[in-house]
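Every chain is named by a letter (A, B and C) in the order it is written, and numbering of its residues begins at 1.
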Amino acid sequence: MPLLKVEGITKEFFLSSGFLRFVFGNPEKLRAVDHVDFTLDKGGSFGLAGESGCGKTTTGKLVMKLHEPTEGRIMFNDRDITNLAGKELKSYRKKVQMIFQDPYESLNPRLSAFGTIKEGLDALGIAQTKKEKRENVLRALEQVNLDPDDYKDKLPFELSGGECQRLMIGSAIVLNPELIVADEPVSMLDVSIRASILDLIEDVLTPELNLTRLYISHDLSVLKHVVDNVAIMYLGRVVEVGKAVEVLSKPLHPYTKALTSAVPVPDPNYQHEELQIKGSISTTGGERDRCIFEPRCPEAVEVCKRRLPELVDVSKSTENEREVGHQVACHLVGEES
Amino acid sequence: MRSLLANQVQIFKKSRRGQIGLLLLLVFFIMASIGPFVAPYGPQEKCFTGDEALARFSPPTAGHIFGTTWEGRDVHSQVLYRARSTFLVGIFSAIIAVFFGANIGLLSGYFGGVLDDFFMRVTDIAYGMPFLPFVLVLIALTSGGGGGGNIFTLVIGIAALLWRTTARTVRAEVMSIKQREFVTWARSKGGSHLRILYKHIAPNVLPIITLYTALSMVWAVLTEASVTFLGFGNPATPSWGFMLYRVFISGAISFAWWWIFPPAICIVLFVLSGFLIGQAYEEVGNPKMKQM
Amino acid sequence: MLSITDLYVRYEDGENIVRAVNDVSFKIDQGENLGIIGESGCGKTTMAKSILRLLPSSGKITGGRMDFITQTGEECNLMKMPKKKFNRKIRWNEISYIPQSAMNSLNPVYTVGDQITEVLREKRESGLTRKEMRRRIEELFSLVGLDPKRIDSYPHQLSGGMKQRSLIAMALALDPSLIVADEPTTALDVIVQFQILKKISELGEQLGCSMIIITHDAASVAETCDNVAIMYAGMIMEYDISENIFSAPRHPYSKGLINSIPNIKLAEQKMVSIPGSPPSLRKEIQGCPFQPRCEESEAICKEELPASTNTGEDSFYRCHVVAKRSSSG
């Protein structure tokens, strides 16, 4: 049963600012997210993967309603939430919470742990007595393994990276959300403690609170072992989507193939395949008349320059409901099946 | 709130200069509050020497430690009585200026757009005005011919231009803080614009605001002294600057050093206290801002 | 070629003392690549900087020695060498340094070509003409895979990968025998990272130049380095050839660290972590610094600092429990 459905979502940013430029000049647009579709089932986990500039973070912020989409529609629990304001927006915020990348930068340095967790309860006007709020805050601290007596008065700078991130998670779960959007939740933490944070989310909090998770990350190795399904993004478009294990072990799109073979492997004897990809990202995206990956694609053919490839389902079978069919946006792959 | 207060204590603990500044300010505060009660004479009281002659232009003696004025009044007492005006003008101008300046800076920096354009143009106009002449003109216009403007006008006049620097600086700081991820975090928690502005952004701009309060006090006092020295002061609420004005018009400025130095030194020390307190915030406030 | 023995480095700021590097020893030979892996606060950057005398004024080397053999066969004591001689002879000439966040250390108002020229000009005793310097830079650019037309670009006109390559070019400008690179690929996207790491390996082989790569991304080191040292709390906990470190780490911290690295090539992997966090280096630590987080610790670990146990010619680890276990058969 889908919790979140993103349909044709597009986000454009204007590059030049200034009133006069806007009126007289031709304002340059950056299409950060380009007609993205994906579905997230209740209780499942989904990963948005790609390199910097691919639009995954912007997509996450669109889901969080921290940005407004230029085009497209977002459905949450079968309700259209694309245009929300006022009370309805606040109600949405209670259900969808975010975990940010840099735990130190993303918390108000002047708020104690207690204040940090309480912030959502206050700002969203949750009807509770002071005592009830206090109990909820202390319970949230416990749920994220921060002993309330030790931690409640601590300020962010007094905490380690991992503790800070747990505090951030606490500030999100205290609101009892249905969906958690985690934007690079562990990339700024030491490798040896990343698993503890991911375990906290996946093994402890998910069953406890029946959470659905949307992960945004550039780290494919982590995504493979954490999420059910993954979408690979390039210049704002989804180029491949499907079960994480399948997409990342047997990638079909040339870009995904390049990405997965470039990931460093902690095995000195491993031989990487030759990376055929050329050059680096140079356009601002938005072309609708050709494949956006074509300039760098080692397998490109004539049709790639002339037509935009759409996502095509190439899966052989879907084993259970929670798995998205394997879809690829590539003329070469689409043609085959 | 409690943590903000604790913060201030922390800042001053670390700064020797700030402690001195604060001490000086405290001394003047005491002087302003109880001065009139401990002064040996009244400020207008004419004093006589033993043989019933007016004690004019008397250099410091045992009875008059700062000497007397040309009308036989005790300088020491005058300094004590007139601390109040200077202090009030200094503090109130600063508070009003910073209150408006900071809020304009906060709103302008946060909301941007047309509001920002509007406020910044107003600030530009304020910057276009020369400070002292503006205050003088304002006083002249409101004094109704003779006697100088009242203290209220003076405070408003000073504040009317003093807010501009605070506004600009606070706005710049807000624009940079606005980009920080914890503001996005606060939005994701459902914070309304006002909540984010006053609960999350403003406290992080506080070090600058307090710095500018101290600096504004400095400017206010100097301007007040200039205004009254130039003769635009109100005799009903005399200040130290007013005393200097009296020295000048009585022609005694070239020799009555005992009359000049006390009020002048008091002005300097008051201004110094403002600077030192400002230093404390800069010294400790700055690394703290970076720590944010 | 470079031999560090019993190095101790501290930061002293009035009353605060941070013991950043404690008793570090390792060697690197010509043509070898060494990877130093460690997490935040383990002292790896401090150690790198001390080799090149790039510590801030609060940083002091309080013990040990650093011996280096130059390309001309001269033996030097890096710590005792007078400043002028060190700057002239060693910096850029023999040993180059690519700092952390290197992309931000390019001067934004000069072209990359100009910045490399500066290095060439200051160091070469035989004054090269402008033309010769230009040619040398073109040579360097093609070595690192950059279009020579980019010599006249400003840093903001280059992508992250290009900036990093130009820094590698700068480091190679005077043909050093050793390059110390601190987190060379951390801020780069994975495809660019792969290309840079590959280039670094190739260059090493091509030019016979050694590299010390310091990073927290252990996987990236697996592919480029012959030897690996794992640092924790300012000490090297284990030092061995790459294969051994990744396939059969001995030290409990190494084991925990290696096991926590996700491997995309595995079909299934349970991710593990090490509980707790690294100790503060401001306090004197009694016994083994890893003990509070170590599952295998015993009583002695709290009292005594473990000595190095050799496992081969140069390889070693520092652990009481593992040493005891392996000596008892």
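Brief remarks on what is shown
Here, a residue touches a chain if its C-beta (ideal position, glycine included) is under 8 Å from a C-beta of that chain, and two chains touch if they have at least 3 such contacts.
The shown structure was predicted, so the numbers you read here are calculated from the model rather than taken from an experiment.
Interface comparison, A-C versus A-B: the pair with the greater number of contacting C-beta pairs is A-C. Chain centre most remote from that of chain B: C (centre = mean of CA atoms).
Look at where the CA atoms of chain B average out and do the same for chain C: the two points lie 56 Å apart. Averaged Cα coordinates give chain A a centre that lies 33 Å from the centre of chain C.
With centres defined as mean CA coordinates, chain B is found 52 Å away from chain A. Taken in their complex, chain B has these residues touching chain A: 3, 180-182, 184-192, 195, 200, 203-204, 291-292.
Contacts from chain A toward chain C in the complex involve residues 51-52, 160-163, 190-196, 198-199, 218-222, 224-226, 245, 248-249, 258-270, 272, 275, 277, 280-281.
Of all residues in chain A, those touching chain B in their complex are 64, 66, 89-90, 93-94, 97-98, 100-102, 105-110, 112, 119-120, 123-125, 157, 168, 171, 175.
Contact residues of chain C toward chain A in the complex are 39-40, 159, 161, 189-195, 197-198, 216-220, 222-223, 242-243, 246-247, 256-258, 260-275, 277-278.
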